[in-house]
Amino acid sequence: MEAILQFFDNNLLLIYLLLFTIILGFEVISKVPSVLHTPLMSGANAISGVVIIGAIILIRQAAPDDYWTLGLGTLGVVLGMTNVVGGFAVTDRMLEMFKKKK
Amino acid sequence: MEAILQFFDNNLLLIYLLLFTIILGFEVISKVPSVLHTPLMSGANAISGVVIIGAIILIRQAAPDDYWTLGLGTLGVVLGMTNVVGGFAVTDRMLEMFKKKK
Amino acid sequence: MKIGILKEDQDRRVSLTPDTLAKNAQLVAQYLLEKDAGQSAGYADAAYGDTVSVHDRATILREADLIVSIHPPNEADLAQIKPQTVLVSLFQPYFDQEVSDRLRQRTLRAFSLDMIPRTTLAQAMDVLSSMASVSGYQAVLMAANHLPRYFPMMITAAGSIRPAKVLVLGAGVAGLQAIATAKRLGAMVEAFDVRKAAKEEVESLGAKFVEVAGARDDAGAGGYAVDQSEEFLQRQQQEVQNRATKSDVIIATAQIRGRKAPILVRKESIAQMKPGSVIVDLAASTGGNCELTEDQKIIERHGVTIIGNSNLAETMPQDASSLFSNNLMNFLRLLIVEGELQLDLDNEIIAGSYITP
Amino acid sequence: MKIGILKEDQDRRVSLTPDTLAKNAQLVAQYLLEKDAGQSAGYADAAYGDTVSVHDRATILREADLIVSIHPPNEADLAQIKPQTVLVSLFQPYFDQEVSDRLRQRTLRAFSLDMIPRTTLAQAMDVLSSMASVSGYQAVLMAANHLPRYFPMMITAAGSIRPAKVLVLGAGVAGLQAIATAKRLGAMVEAFDVRKAAKEEVESLGAKFVEVAGARDDAGAGGYAVDQSEEFLQRQQQEVQNRATKSDVIIATAQIRGRKAPILVRKESIAQMKPGSVIVDLAASTGGNCELTEDQKIIERHGVTIIGNSNLAETMPQDASSLFSNNLMNFLRLLIVEGELQLDLDNEIIAGSYITP
Amino acid sequence: MLTSFLNLSYLLGALTFVIGLRRLSSPDTARRGNGLAALGMGIAIIATMVYPFTDAPNNYLWIVVGMLLGGAIGWWSAQKVQMTAMPQMVSIFNGLGGACAVVLAMLELLSFYAGERSLDTGALFIVLLALLIGAVSFTGSLLAFGKLQGLVKDKHVYLPGHQWINIFFLIATIGLVTFLLVQGSSIGSIGAIVLMILTLVYGFSFVAPIGGADMPVVISLLNSFTGLSAAAAGLIYGNQIMLVGGILVGASGTILTVLMCQAMNRSLLNVLIGGFGGGGGAPSKGAVGDQVAKEVTRNDAAIQLFYSNSVMFVPGYGLAVAQAQKAIKELDDLLSANGVEVRYAIHPVAGRMPGHMNVLLAEADVPYAQLLDLDEANDLFANTDIVVVVGANDVVNPAALDDPGSPIYGMPVLQVWEAKNVIVLKRSMSTGYAGIQNQLFFHDKNRMLFGDAKKSLQALIGEVKSL
Amino acid sequence: MLTSFLNLSYLLGALTFVIGLRRLSSPDTARRGNGLAALGMGIAIIATMVYPFTDAPNNYLWIVVGMLLGGAIGWWSAQKVQMTAMPQMVSIFNGLGGACAVVLAMLELLSFYAGERSLDTGALFIVLLALLIGAVSFTGSLLAFGKLQGLVKDKHVYLPGHQWINIFFLIATIGLVTFLLVQGSSIGSIGAIVLMILTLVYGFSFVAPIGGADMPVVISLLNSFTGLSAAAAGLIYGNQIMLVGGILVGASGTILTVLMCQAMNRSLLNVLIGGFGGGGGAPSKGAVGDQVAKEVTRNDAAIQLFYSNSVMFVPGYGLAVAQAQKAIKELDDLLSANGVEVRYAIHPVAGRMPGHMNVLLAEADVPYAQLLDLDEANDLFANTDIVVVVGANDVVNPAALDDPGSPIYGMPVLQVWEAKNVIVLKRSMSTGYAGIQNQLFFHDKNRMLFGDAKKSLQALIGEVKSL
């Protein structure tokens, strides 16, 4: 308990930030017309590919002969990059049909 | 410049928080029907009375014989409290007419 | 005060109906009803109830202090009426210019309902409006009945029927009602008139207004139309000719108070109309808007049926009587105060309609 | 093949119009038109153009291979027609049960348009529908013309007019069209029928359906009504009585194929109706839905105008002819292939309408 | 442990502010949202009161007295104020909040200049910011209050070339702040006092040229200023709830100001600059001679309609001209769906032909049962919450009853003024067929909604749908 | 300096995510929003690449190869995928993101258990969380993909009592995580491997019982899981953009899931639990015998209509039954206002009496000029983007042309299938007056929108207005 409170006091700003981000996440979506559900899901999915940054950092800091880490890390990069590029591209294709007329 | 960057790096979370709060402030309001403009303004005004907390802290920490600070601080408390109480009460009165029927 | 209600001669309406009398019991008066006066309008003598006594015409002419009718009593009748009796009817002094002299000679006092000024205030007594409204409605029904074609558009297994085109000439009260009724039935309606306000009025019913530029303005003529320049009338006829040849139905209501109705549809135009088309000319009694119109007759010329009738209200006697009766009663309540005739010549309405001063 | 178009005797319509012929030039045939056949419908002989030759009746009866008309030729005519000639007309074998025998005796071949099955496919030839539709429309116009009251509601300076109540009996083709037309004119419309589907159909026009519980179902009767139980009919008449006394207009269209029309409005109900009310009985030719109806007559009973007329289509001859003509042509195109009669008895429509097999 | 408690309370408070504001922006939840924010504020205040500062003398008496006094004033005036005077009230409350920030900043500055406290340039800047924003907000709000309350006429405070005066003030303020920042504590408290006076005057001058009709926008803007000054104060005290609350109000106030301008079909710049030049706004549409008919905004009208129990439409010729029959029916349907009883009062001579209104309303499928004639309607007005007169004029003219000199004296009219409220939809103050002015428009119960009847009705439909 | 640059890039990236998501939720701005977020992602990735970590070996070759490979796969598959297969695609991408988190977490755990890195309990918990959420998301997404793609039939993966199996998995996972937390590094890497396998299986099992039709909701849920695992990874690396981006996706994904359920008129619990029991969802409304007519959602239909150039309404008896004439006109007006050319094709026998449609459309004030008869309409279909059949059936039945055995063979019909798309509004698959099935409903170009015509039209109106 003490530890948790300690953590709370020490990371107060982080917690504010987390909570506000969550609220912001809710807010930002809360009035989306249902026609946009799928593109929005797809766009959010692309953003979740941000995890690739972790993989990049991992590889950059791994020993050049640590093939295990390098291999798995590269796998992570491949997976993450697929998610990011594919996600944004697919969202863009879906949204093409919203092009304004005239 | 260096100082600003220094400040930036040191207060990174605070800056995230500030920016997110601003965005949140925008978001939260951005779709209000115009019938609610005045009550919303009034409610926001009441919240801005939060400055009273500063006045309280000030007085609590002032020397008991520092009448200057105490006097002005109390003026601050009176002003802030009027803003808070009056603000919320007036908002509530305005919103009474939105009572659901039946 | 004894009020006599005459039976109309060539008209199925009656000037006062039982309903009106029942609703206005506070008007202290005794009613003498000519036998069967309301019969043809659907108001049997019995319906008038006990407060009304039924008599023959002579008795009424002799005894009543005030006599009401839609059409004025004829000369023979007048001879039987005692002096100073008050007559309320449609004397139409604009057309029968000597009528007031004749009445004055007999020392009768007469109020002509068609002379009530057409102010907002007087609308409750404005029989011209209420009767014109009936006429406009009936004119369209009559046209629809005579037209060998449908009014509305119909896309059916047996072919597509295009909607009938209806042209309304003159957008006064009758014209507007005709527009509304024709639109209801699904026709494509256009109308025109020389008054400036008419455009807005026509469009306020969702119909199309046909503009002919250069109409003389009518401000100050109290809502009535004024004479138009020769050149304008020519252009107008040109336009009417164009429209008429494309129309299935023409409802003509254009009138100018106290003058012959303007001729808007010439022979040649009629010859070019589609066979079977129908013209209803409500201005027939003052000469008609259509050159070939014959008053009170339904004729066929160049395959076009031309109905000349300015008294179509008579063909809907029940409601027409009821409206007339309400108008009349509103007038009587102005005229009669506590059972006494109140000849208040300061009152615009009374003064305007009093034709035997 | 020579096709003869007869002039109708007591009817202003014509069975084939110039427009139809013009649009169907591909039907290889020679048309013989009786003089002035289309005149009263607005189609002068000249309008038929060069491809049609004009003759007197005798010539046509003698020479044509196929003769079309709306009403069947009379016995005298038949005598003049050469054997094996094909006749297309409304023979109404349900009412004139010996007609096919008579025709067969003369070795004529006859198609009765009223016997075309009422399938979706045959709708383009369904003269009963198109004529009923005209009748329903005209019935309302006629009622409105005869009613001494307004149809729509009007709140005016001369008093408020309540909307007319229109009761439509039988919601077949004519009934539905009557409902639509009466609604357009602003009346309050209610309707009833014994078919189950009728409720939905009536409501699909925005009118109110009067339900009388316990109607016998008609599944399998091909859209036509079936006989109802005595008890049901009684309750129904009770309901009609209630509604009728409150109605200003009754449009009666209830019919049962090949039988006398059901009596839905009894004498007593009529006596209780408001004076001036109007009944239009389209079932008059088969006895009428109203007990007092007299076919082909306009009578007044108890102050109520009763119009008995099953042939109202005739009063709108131009469009009615055009619709009839299109229907007829669609049928002829089935019957005549490349200028030759094609008696394909496998075809439901041909088989159904061929009354002299 | 106790610090955690304080932090938690502040966090909670901040969250209630966010959620409260969120809920305030939807009619259904607005009231609870306001309550929630108030609750959060209470928690934060109490937590601030009870948290044991090390070695703090506390001085509770001063605080409690101040709080009771302020609370009483706030509560009392909130209860007394009339519904129509709400914006003024908000303005004055807002001014007080600004004043509070001024007081705090001044104290801070005074002790800084007295050498009792040290501030680095950044901190000093923030304190100066709190002072200047609070001061502008304070006097600006007071003047806005005065204008709205009718105490101050636009022309009394507007000087020729006012825009230049304001630009001068702006430059002077920036210059002074820069100067003070550079000087540090050396200059003494006089610097702070001069800045305070300058910005107090600036606040007044800032609002002076803006037209009275634009005051709500200005109040909203000043409100967001107050929020910013509270946030600045929060930075001074390192207090998250003040910071977050202030920023929130600053941001939402700004966006709200923009939205309010949009609702008036103007840009914020236009309001501020336009005011600079215009000096008093355009004359009201509702003015005829000396008399001025009061207007109602579409949104207020929509709220009134939506939350009423019974509405009577009075259609006239204008309905026909605007061809607004379908729109009136749509509004009817929307209101009916919310349980409002909707009826139509048809005057016998409304329109330009007998039965004109009947034709139109039948076209729009209004059931006959909803149509009342003159007598029926006149019996019902007293029990009607709102009458909406749509393009009618002569038929609702009280002169027919009470002005014997009027040409329509004696005509029966729809006595709409018997109802609790009347809203008249027409394009201008022009007369109807009879060509006479209508005193109804100036009646206490009446409000005008100017514009083409169809457009106005459609706007109302939009607003009602957003409720 | 360089750190500030990195921080700034991350801050910028985080802001683009927020603003991008915001813009994604409005049709006008969605595309630019997506681009913005992509831009932010690019900035963040580049910044991560170039920031000089102290003493980092960098291994750029590995990274670049991985990125090129992943980018190529992602790009290529995004371009190849059919519009109708979008949800599957999203699902598989999402699974990959989850897998990436799994890889990161496993590497972390392996080095932890190998003693190469130390983690306190909190940090260990977060790593385990990233692992487990990522794993569930990974296999769950794969299965969702399989179901949507039709590779996996619901019944193949649904076991009796599946809800109990899932509850068991849940408890086992929690138990194992607690156990690992308590044990610390002592247990060795086997613990992490067991947890990974367990949660991979769990993810599969979690999705197994949920009906194919509910997959979009599940994907959205799994998507928010992936976001959370990214956020957890962000905490591990102390990286704000991962944290903020992940949390954002987690939050918005959750709310989006709820919204999607609402749009289906169901609760999230109902989808998840309902699936548990139901095992495969209800049979489609569009099924008749072997044939299944494809449905379209209201929102897809609305988009299609709104962004088309020409629309032809084909009214039938159902329009009359539903009394939807005013609704069709309102939709017409909305579309026309957006520049769509709207017309009505009237079949001669549509409805139940001659001229039935004319009566209705005249009532709704549709101008005669917009009405086309059979021949005119048939000439135009080929150039029409969308035909909306409103409650018509027999009159658009292709059997009349191509099925000599049909009772309506030979009747002229409206050849709506010549148009680019057809949408049929009716309540069910039942037949019309003629009582015969209609092959149009199964036509490739056709989509059904089931429901009462008036309600469907009103729903479309609502959707179009929200665009």
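Think of it as A, B, C, D, E and F in the order they're written, each chain with its own count starting at 1.
Methods note: a residue touches a chain if its C-beta (ideal position, glycine included) is under 8 Å from a C-beta of that chain, and two chains touch if they have at least 3 such contacts.
Everything numeric in this text was worked out from a predicted model, so none of it was measured.
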Graph distance between chain D and chain F, where chains that touch are linked: 1
For chain C and chain D, chains touching each: E, F
Relative to chain A, chain with the most remote C-alpha centre: C
Label of the chain whose CA centroid is most distant from the centroid of chain D: B
Chain centre separation (chain A, chain B; CA means) in Å: 33
Averaged-CA centre spacing for the pair chain E and chain C, given as whole angstrom: 56
Gap in Å, rounded to a whole number, between the CA centres of chain D and chain B: 81
Interchain centroid distance [CA atoms averaged], chain B/chain C, Å: 74
Junction residues of chain D - those touching two or more other chains: 123-124, 129-130, 133, 152, 154, 156-159, 161, 184, 186, 206
Residues of chain A touching at least two other chains: 13, 16-17, 20-21, 23-24, 27-28, 31
Overlap residues in chain E, where contacts from two or more other chains coincide: 18, 22, 244, 348-349, 354-355, 359, 362-363, 365
Complex contacts: residues of chain D adjacent to chain F: 119-121, 123-124, 129-130, 133, 173, 176-177, 180, 184, 200-201, 203-206
For the chain F and chain D complex, residues of the former touching the latter: 317, 320-321, 323, 348-349, 351-356, 359-360, 362-363, 394, 400, 407-412, 433-434
Complex contacts: residues of chain E adjacent to chain B: 13, 17-18, 20-22, 24-28, 30-31, 33-35, 37-38, 41, 44-45, 48-49, 53, 56-60, 62-63, 65-67, 69-71, 73-75, 77-79, 81, 83, 86-87, 89-90, 93-94, 96-97, 99-101, 103-104, 106-107, 110-111, 122, 216, 219-220, 223-224, 226-227, 229-230, 233-234, 236-237, 239, 241-256, 259-260, 263, 297-300, 302-303, 307, 309, 338-339, 463, 466-467
Touching residues (chain side chain D, partner chain C) in the complex: 12, 41-42, 44, 123-124, 126-127, 129-130, 133-134, 137-138, 141-142, 144-145, 147-150, 152, 154, 156-159, 161, 181, 184-186, 274-276, 303, 315-320, 322-324, 326-327
Sites on chain A touched by chain E in the complex: 2, 5, 8-9, 12-13, 15-16, 19-20, 23, 27
